[in-house]
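First, the structure itself, so that you have it in front of you.
Letters are used for the chains, namely A, B and C, taken in the order the chains are written, and counting of residues starts over at 1 for each.
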Amino acid sequence: MQTTYLTAAATLLSVIVLSPVRADDLPTKAELTTPTIADVSAVSPALERYTRDTLFDGLWQRPGLTPRDRSLVTLAALITRQQTALLPPYLNLALDSGVKPAEISEIITHLAFYAGWGNALSAIAVTKDVFVQRSIGGDQLPAAFPDLLPLNQAAETERATRIEGQFGAVAPGLVRNTTDILFRDLWRRPDLAPRDRSLVTVSALIASGQMAQLASHLNRAMDNGLTQAEAAEALNHLAFYAGWPNAFSAMPIFKSVFAGRPHLQN
Amino acid sequence: MQTTYLTAAATLLSVIVLSPVRADDLPTKAELTTPTIADVSAVSPALERYTRDTLFDGLWQRPGLTPRDRSLVTLAALITRQQTALLPPYLNLALDSGVKPAEISEIITHLAFYAGWGNALSAIAVTKDVFVQRSIGGDQLPAAFPDLLPLNQAAETERATRIEGQFGAVAPGLVRNTTDILFRDLWRRPDLAPRDRSLVTVSALIASGQMAQLASHLNRAMDNGLTQAEAAEALNHLAFYAGWPNAFSAMPIFKSVFAGRPHLQN
Amino acid sequence: MQTTYLTAAATLLSVIVLSPVRADDLPTKAELTTPTIADVSAVSPALERYTRDTLFDGLWQRPGLTPRDRSLVTLAALITRQQTALLPPYLNLALDSGVKPAEISEIITHLAFYAGWGNALSAIAVTKDVFVQRSIGGDQLPAAFPDLLPLNQAAETERATRIEGQFGAVAPGLVRNTTDILFRDLWRRPDLAPRDRSLVTVSALIASGQMAQLASHLNRAMDNGLTQAEAAEALNHLAFYAGWPNAFSAMPIFKSVFAGRPHLQN
């Protein structure tokens, strides 16, 4: 794992450091705004130091969360925060760290619903280029209509009944879509494991400062297999990619969710 | 209405599907980042399906909110979330759905105050191109200093007095600007009806996850003629364009506002 | 001061008004999306009026906050809200208003932590171009490892102990990073005065609608020398650049912080 990761980190740095060269005369979307390490150094030698030492040699090397999981968290944060200029190197790092193209496809689709349609479409525009560069074709992508994972009928009925009771008369279309499109369809798509889907959802909520549904999705994530240590380290990771204030706003919610669960989790 | 809308939807799809062709050798802002349906399909056949079936053939076809209102809501969400790459097709859809150029002009101006100056200026950059393409000139735009709508003197005095009492000593400049620029000027500009202005404001608040002023603006919107059914369907619409978490955070506020109003509304 | 500012404002307007001309055939990042005043006028004569009269001739001319401070607040808001298309004219205005290149460098580095890494990197991409145009080289930038300002050992130990007690077992990595990287390193970097660093932090929190840590950072800002009148006028300024809803959500917190402090402040 460590070897794989070091290779991946080197790839990331070289992607960022080396200026891209293209034959045609139009800049790509990514070329227009992705800064190189030389750009960072030309404005802030301190930020270059923090990027190298604190972020790549520090945070990404920490145990507690695998490089693959860190990639899921980072992609979710970048897409949710619409930082598409940074997506190409992180998409490459994710693919080099073991995230499958099908999983990236599902992350973007999932975030259409959890971060907003425009965020997903903006991510599409740059991801397409990375897929082309790496010769990733339709055979590696999830079907539009796959066989869905089995439904936990009891749990889903409980959720649907509770929300229908609370809000069915307030926003009937939204309540119905939540059941039919999200919980009976999207969440059951098989090409992103429920645990990973939950990690992406939790990351998106923190990355956009939306704390109201965080407790329920963090509980769902841990029901789906995310450990307390992984959740805590994902929060540490998100402090860098979503800013300290978002991470600190999430901390009391993490504390309360952790306290409310059986102690086997960690 | 339905016929008009189907035409408009077809226009939208063709705009998105067909790659734009331009004579000059520089990419336009929109060409750089607006994904085509083919791009979506190259990354996620599932997202293509949801975009076609769930969004365009589903959501946009639902009764309860006219295509024109859906355009107002969507433009407000895109501008507030600074998703300018998606604006051109939606601006065209709005114009094809009956939103007047003068109303688009007012929406952007209104959102300078409610979403932030930079959001409005970013929207200007792409809207200008759409206006040029459609030969929309200054004669179709609202004057800088139009005759203002009459002021509801009693209601506005009550609001101004209340805020002055609460915050006049805390942030005197801001409190005065709120009265002089927003409620005695901006809100009285005649080229966007108060009901539409309210719908845009409510949409902007939800689209940016700002729930603190939502109750007061939703009440104002309903005072200005927005029905409960329209408000509820706008929330359903915004779940897609602003993400499910924002819509769910707004739901309890909608519930409480609906409950506090006379029952004739629906 | 007033003369300096009028010059700076004229510079800003001319930068925005005059279309940039470049020899090479690729658009710069800024040229792609920065609207000119003519663009604004082509979409909304009203917004042109508000931009000229209300913003530049009104807000920026108000006493209570110097043009230099207004630049700090505006840069913090634009970087936090990732409105990089607007950064170039405001970076030039800041430099013309007395903000040093070293301070801009530190603001971006500071916001990597307080607004998110991607926001800082996006700001780098455009700031680099402005620095090149103005021949600002490495000799004007802060060192990666400068001599740090002295630590207020008692206050920092109190803070660290309190947070460790609350959250040390919840997110140990994040709690340790907060002490080691933020409060024992970043905040002590000497090229941005603590009072200015606090003003940037407070502005970033308001600009992103993150109210949870605002009280503690506003108190810290006032401990670091920001007066109540300056804080109030910064809030008025931010209403324009971050939208009225963010400013109004901050107002009760300002009120409560002001009320909790000794009355010498103003």
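Note that contacts are C-beta pairs under 8 Å (C-beta built on N, C-alpha and C of every residue); 3 or more make two chains touch, one makes a residue touch a chain.
This is a predicted model, so every value here is computed, not measured.
Superposition angle, subunit B onto subunit C, using Cα atoms only: 120 degrees, a multiple of 5 between 0 and 180. Judged by shared residue numbers over all numbers used at their interface, subunit A and subunit C contact each other through mostly different positions, with under half in common. Annotation: 28 Å between the Cα-based centres of subunit A and subunit C.
Shared interface positions of subunit A, defined as residues touching 2 or more other chains, are 25-27, 32, 82, 209. Those residues of subunit A that touch subunit B in the complex are listed here as 25-27, 29, 32, 82, 84, 104-106, 108-109, 112-122, 124-125, 127-128, 131-132, 138, 141-145, 166-167, 170-174, 177-178, 181-182, 189, 204-205, 208-210, 212-213. The part of subunit B that touches subunit A in the complex is made up of residues 25-27, 32-35, 39-51, 54-55, 62, 64, 77-78, 81-83, 85-86, 209, 232-233, 235-236, 239-249, 251-252, 254-255, 258.
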